[in-house]
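There are two complexes below, and they share chain A, which is joined by chain B in the first and by chain C in the second.
Let's look at the complex of A and B:
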């Protein structure tokens, strides 16, 4: 059984290089409410490690990742603001 | 009624009357230099002059670099119809914002977090978009200087079609600004008698450009760089322990480096306000502190840069002063 993820906002940063994806994702999460979910679409290879690390540092939860042949999608649930 | 009488007679720029057609005509050059003022009390044992760069039209030494950077982009046709993006701890951004506004060019400034609120407000007043970022922006294997990395990634985005980055850290136009203006000004203002020059490490355009010019006049002139400590609170200065060395830095023109802690830098800044009437920013305090403790011949002329005024750092100074600011009764 798969759990449905209710996406609050989608941010597509395809073609954008590090550190811009991290910056834009952090900005989007900052604007959101705890419990809301950001769907983040990236193509920068550095994001594979940076986005999960950013989520950990911020206290957010990485619900799921999906690799779609060069494109990486992250679903991040916003935690309580630090 | 004679409508011609309503027309104001046209005046043109007359520097002898201090009348200008355009704010850019107030940018300093060897014929119209920024002032050189003696530090009489705080550095009483030496003959130290400060070059008051905060009297430039946009308020700092970065007016020179910004003008050269923008002119270089325009002259080489690199700007096209693109927007500008630049990493700055504030002053280059402010000068670029003013100059860009005059030409109707949009500017985004990436700025390290911790820069005083005053600078961010000034940037926004000038119409710049401000992107504040921590230096440790990418959590994994992050580059130093997050603001620089962010500006470069913005410039590279959209295949470079939207933004162009002057890149004051790598652009020789920054050095050229000081080689062609600040250096010759100091040489002329001291009648060729300057024996030592002190400037902070930031983009390193000032120390490289002035150092190169002065060394060409007299290779025995001492060029001294002032470097803050890691984790410092001296905006505009860089510690190379935590920041990358800019590509434009030329070590061959630098004789020595003095490291300065925040506390003596801020204490010297306070003394410059209270004993000299010099309302300078904290980097000037660091530079004067470095010069005061340096092994200088007392009657030989030393020149230090005063990069900007303290009015953009009042929130920092409030912490320095402590208390609630109420009079004691």
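Let's look at the complex of A and C:
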């Protein structure tokens, strides 16, 4: 059974390197409400580790990751801001 | 069976979650060495951490209105630099400017922000910039020479901040 993810906002940070994917994703998440979902598209190989780390540190939930060889898509549910 | 009285457990209210804190020292004023503290600072602030950078010695150039626009890197005594030349040639006039140009091109081609842009990003995320008071005295730098919004502080003030940090790094 698959659960539908309701995406609130999509952000494509293809072509930029650390720290920009995390920086831009965090700016987007800050604008959003808790429970809303950010769909994030990255090509920086570091993002595979960086985005889960960001979610952990910020208190967001990483719902799903899709690694499409060179491009990664992350679905992040915003938690409550500290 | 006789039920034992349940012992009352004293509950202490949980303290509110504390934000993590990063305390950095930026001690170098070359173009290549200006990036790491600013990358770490903007990343940590993006994670929701509280961040302070103590700019000391040549690192203070990163907060200097004019000097931050023209930070340079030398190929001399830098075996990993963008231009691989023997030190003797690296000492020639123009070698530093050539290495700086290559480094800037690398960064531009990789779509990396430049140093003034990183400063702006960090300030937008409320990163605290401490300017070392001793360096200012030694190098004759006035408060007006620095970008606005810097906290002029000595070592004790920075250590007081760093003592409550979860991560402390020296660059």
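Keep this in mind: the second predicted complex is superposed on the first by the 82 of 82 C-alpha atoms of A that agree within 3 Å, B and C clash if a C-alpha of one lies under 4 Å from a C-alpha of the other, contacts with A are read in each partner's own complex, and residues count from 1 in each chain.
Simple rule for what comes next: a residue touches a chain if its C-beta (ideal position, glycine included) is under 8 Å from a C-beta of that chain, and two chains touch if they have at least 3 such contacts.
If you're wondering where the values come from, they're calculated on a predicted model, not measured in any experiment.
J.: Please work out whether A:45 is in contact with chain B alone, chain C alone, both, or neither, and reply first, second, both or neither.
T.: A:45 contacts neither chain B nor chain C.
J.: Once the shared chain is lined up, is A:17 touching chain B (first), chain C (second), both, or neither of them?
T.: In the superposition, A:17 touches chain B and chain C alike.
J.: Of the partners chain B and chain C, which touch A:35 in the superposed model: first, second, both, neither?
T.: Once the two structures are laid over each other on A, A:35 reaches no partner at all.
J.: Identify the residues of chain A that lie in both the chain B contact region and the chain C contact region.
T.: Touching chain B and chain C on chain A: residues 15-20, 22-23, 53-54, 57.
J.: If we count contacts the way the header does, which residues on chain A are in touch with chain C in the complex?
T.: 15-20, 22-23, 25-27, 53-54, 57-59, 81-82
J.: Once bound in the complex, which stretches of chain C touch chain A?
T.: Those in contact with chain A are residues 17, 19-20, 39, 42-43, 46-49, 110-113, 121.
J.: Within their complex, state which residues of chain A touch chain B.
T.: 15-20, 22-23, 46, 49-50, 53-54, 56-57
J.: Under the stated contact criterion, what part of chain B meets chain A in this complex?
T.: 131, 133, 137-143, 146, 149-150, 153-154, 156-158
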